[in-house]
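Just below is one structure, and these are the notes that go with it.
Letters A, B, C, D and E mark the chains in the order given here, with residues in each chain numbered from 1 onward.
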Amino acid sequence: MILGKVIGTVWSTKKDENLVGSKLLIVRQLSLDFKEKENFVVAVDSVGAGEGEVVLVATGSSARQTNSTKNRPVDAVVMAIVDKLDIPVH
Amino acid sequence: MILGKVIGTVWSTKKDENLVGSKLLIVRQLSLDFKEKENFVVAVDSVGAGEGEVVLVATGSSARQTNSTKNRPVDAVVMAIVDKLDIPVH
Amino acid sequence: MILGKVIGTVWSTKKDENLVGSKLLIVRQLSLDFKEKENFVVAVDSVGAGEGEVVLVATGSSARQTNSTKNRPVDAVVMAIVDKLDIPVH
Amino acid sequence: MILGKVIGTVWSTKKDENLVGSKLLIVRQLSLDFKEKENFVVAVDSVGAGEGEVVLVATGSSARQTNSTKNRPVDAVVMAIVDKLDIPVH
Amino acid sequence: MILGKVIGTVWSTKKDENLVGSKLLIVRQLSLDFKEKENFVVAVDSVGAGEGEVVLVATGSSARQTNSTKNRPVDAVVMAIVDKLDIPVH
């Protein structure tokens, strides 16, 4: 999964009928020290994530394994809100 | 999903028989401030998107989850037309 | 899908038994002005594409949605021969 | 599969209900001489891998082919702990 | 598919139970003139490929379409040994 930060939402009226009601989040990729990268992805929310939250994004067919995304034409889903990273010093 | 802009179409007479009637859009990837990137993808239209419109593209097996693309050999579909991005200043 | 140009073929005697009879094309990626990029992919032909032709390549599981590729261990298929790109000046 | 090294874990309380109990590992990609690259991925553990161990990560739908990940919204799984690489000099 | 060269093997005792008996090959990506690139992938062998051989690797769910890989958590398979590339001069 990708580590990212929710920075906004996409508004869309005209979209696939199965996507009505889905929240489309703009998620910027993060480095391990939480610096925002240039890359971003638009992902469907499945856990109630809001702006500024650090999240995990699953992509590809795995993005369709939640109740909010099953059988829908979406290739990215926010499936976890991150509390913290635990990275011991070596 | 990828944020992109429809910039043209691909004409093809000789193609997989299941693709007859599908509109093949050329979609250039966009940055969050709507600058066109070098990257582009050819995607099947499923929402009536036209040139100049900002859209979302789903890729991989997820691209086959619309009525226009089910069971077809396509790996990218335009599944939403974007009205606006809502990105609050932090 | 990827825009590319067929530049050659791969010869292979020892391959997965389901691939016997499949034509393996070398496809170099193209920019929108038909310049050949460094990247290339080996893709199974499903539309009778030959050398020098500009084609579309579908990748991933979508590459298995043609009669020539169903249930086979291939991740790229040439599924359309391109007649022309139609890109209006803005 | 990707060659990587487990460098930590992700803590997440609010996540897809099917992921409760899954261990989310932070895996940094390795070169063949075991130098850590910048890239990393968050992957579900399926073999009891711990910090500092060199592992293989399978991505995409293949990441859902273990008992720990079946039908879950995850796109990366640690499915092997590496004992050694055997690379003869040519 | 990716063009690559088998340069070694991965030894792993602790791995997904369905992978016992699978040979894990280290495959370095090749350019069209057979220069080795930096990128590599670990792929399951399905055609008896050995070190030094030039091969094709299928990735993603397509990697699970061989007898050696069906239903297993692997995202790359060597499914052809390459005899030669046939690239005419233009």
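FYI, a residue touches a chain if its C-beta (ideal position, glycine included) is under 8 Å from a C-beta of that chain, and two chains touch if they have at least 3 such contacts.
Remember, it's a predicted structure, so these values are computed and weren't measured experimentally.
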| item | value |
| --- | --- |
| Joint neighbours of chain D and chain C, given as chain labels | E |
| Turning angle required so that chain B lies on chain E, C-alpha fit (0 to 180°, nearest 5) | 145 |
| Whole-Å gap between the CA centroids of chain C and chain E | 19 |
| Multi-chain contact sites of chain C, meaning residues that touch two or more partners | 59-61, 63-64 |
| Category of the chain touch graph - line, ring, star, complete, other | ring |
| Complete ring sequence of chains beginning with chain B, oriented so that chain C follows | B, C, E, D, A |
| Complex interface listing, chain E residues touching chain C | 1-3, 31-32, 46-48, 56, 58-66, 69, 77, 79-88, 90 |
| Residues of chain A touching chain B in the complex | 7-16, 18-19, 24, 26, 38, 40-43, 51-52, 60-61, 63-64, 71-76 |
